[in-house]
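Below is a structure I'd like to ask you about.
Labels A, B and C are assigned to the chains in the order they are written; within every chain, residues are numbered from 1.
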């Protein structure tokens, strides 16, 4: 029949296209860390740092040892498998000795992350407190943890950043993208963020790979901490391209701060929609000069 | 084995961290209204206000009574359970008499919301109509209901706002965050919004808790209706901190309007990227004076 | 019992509201293309254009023919069913001959899209390459495909745009909204976009129905390519209302370009936050004149 023949031809056309464009296929290649899997991993890690908040299970004195032990054991296996896949994709021609090394590194990273989680939780205590202090509409720590996109974003970032520092390819960026998809907040896993950090609302916030942020910093929706225009991709890689914010800086909605040598001094306040490409001294307040408005 | 020992140590470290930071745990405490459950509740409520739009089931004259009755009965139970959890979290030391009271209030709120849904639907008829009139690309009411983030956001808000007015803790804010995650539109459940409301596109829109909006208002993406800088959290709580928009106001993309005493008079138009912290009289058009551009 | 009676009354109130507001119901009407189904369709299409990237299945030389054939056959059926529903909703009074015609058109469109996918993949090769060249933080094609919202958005758009051109109602807009929900990038399926297109970050980007974009164009987060204020809905429909960007144009974060007669000439650069409602000649750089900042 005509329809059958056309379908067969369409399938053949697609298979043929797979043969032509190797670089956007992963047919014969190593299995990739799939997005579904990374999403599940991130969710499990969120459960682990905020126990009792996201799941339906009951945790109490009697059961928590087992529930947490079981969760950690599963996470260890899953995270290690995803890390291994990420290493393999980077180096697809590796021999069996190299593969054994990769497997071992993946195991070490996986245990390593679990060991770092208590430290991550210490930081998150401060972040939740900062949200409670920073937003008059915040009613309780529970509300903040369950419903503030900024808290979700910094939690995900503090975890992804540890994996980034341990040199895991792809996975940290995939985690940050899952969180961006959920919150509208786009933080590169390479960014370094100090204690007691708060993002209010946050949709549209962009923070680049080499951003450095001190303690007690507060950012609003639509803030960009970005790079100045890039000439060559290769010349830019590895350099500090994004700003530094010292302690106690506040940046209001829609402000854009660009450049790797731009330093916003301690305690400064940057007003809404300000566009800055140079440093300001500690304690400075920068606002747009009353923009001329026409009233008709 | 070494790996086993390390895993056991990591688990012990995490359990130890749970003991240290009580305020970001819900181990021994009352079960929280989980995000998964709240998402399901909101989806069921969306089904109920727009029957036949989101689900796969068949609704017709013969079956709709049963389908709708069944959906309402399940919603009654689920909503009541989540409300009860939300009350419990607020007051964890309550005795059994207080718990019985909470259970009864949760039941009343749950029935109460179902009773309010026809009224919510009356408002949504006007909102769908406003979207059809406001966007030349809109092809049909079906398209608008199925694919306009602004319609999804106002639907979710009109439901969450009723729960907010009935004094349910946490749940309304969690609903608005589920919708923010899906649409990029961040409306606090406390905001009061009049009839025939339309948000076009909407990503990045932020509307604060004490905002008041009249009838036939139209907002675009990236609009902020926010608070002026907050000095003390406690001094700000409960006060009107966000603007008032009277009837037939239009606010274009990226405009920021701040302050609890700021009133945008009836029929006014606020241009894109305008930054306003004071009131304007009815019928005013405010635009940025031609911003100086450099052409090189 | 009182509770039972109240629940029954609430159900009756909701059913009564369904009878009153026909235009926001789909009770007796044709089944709609549900959002759940459209999401699944889009995911299947993403699998097909980037094989091995999103799913968990193993694809290799031996199995890929069968896996791909099976996927195409299922897609053919599902897409045809959704297209048929979309046609039916447009014309609910149709007779059985018209319904047979609709069914056949739906089949043709469904095969037609499968036939177009190799061409879509040819375009995507250039888009992935553009992302790799445009972002110094991009580590590999794999990372770009798996975690860049801009790549996800253009992939979804190139598919939805084909369905739009074939005249399928509702479905293309629903696909673009699923992607907007995931990425914060809001591209109308009607927009025409040339080769090697790159969106960096992208949250808050809005691109209208009649936008025309050349080759090697680069856009950042928060860019609006929109319409000038619309007087009458009907007078605006079908006209070119959104801008044209010629080849090799770059538009930085937060810039707003409006109007159907606005043409940004080849090779031009538009700076961050610029607001433009008229054309600029090829090779122009437009930036905000140093906005006056107050330092306190």
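Here is the rule we go by: a contact is a pair of C-beta atoms (placed from the backbone, for glycine too) under 8 Å apart; a residue touches a chain by one contact, two chains touch by 3 or more.
The structure presented is a predicted model; accordingly, all values stated were derived computationally and were not measured.
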Turning angle required so that chain A lies on chain B, C-alpha fit (0 to 180°, nearest 5): 120
Self-contact between copies chain B and chain C, residue sets same or different by half: different
Chain B and chain C, separation of their C-alpha mean positions in angstrom: 25
Residues of chain A touching at least two other chains: 184, 203-204, 222, 254, 273, 288, 291
Residues on chain C engaged by chain B in the complex (per definition of touch): 3, 6-7, 9-11, 13-18, 21, 23-29, 31-37, 89-90, 169-170, 173-174, 176-177, 180-181, 184, 186, 188, 190, 203-204, 206, 208-209, 222, 224, 226-227, 230, 233-234, 236-237, 241, 254, 256, 273-276, 280, 284-289, 291
Touching residues on chain C, where the partner in the complex is chain A: 48-56, 58-61, 64-65, 68-69, 72-73, 76, 107, 111, 114-115, 117-118, 121-122, 124-125, 128, 132-137, 139-143, 145-149, 182-184, 201, 203-204, 221-222, 252-254, 272-273, 288, 291-296
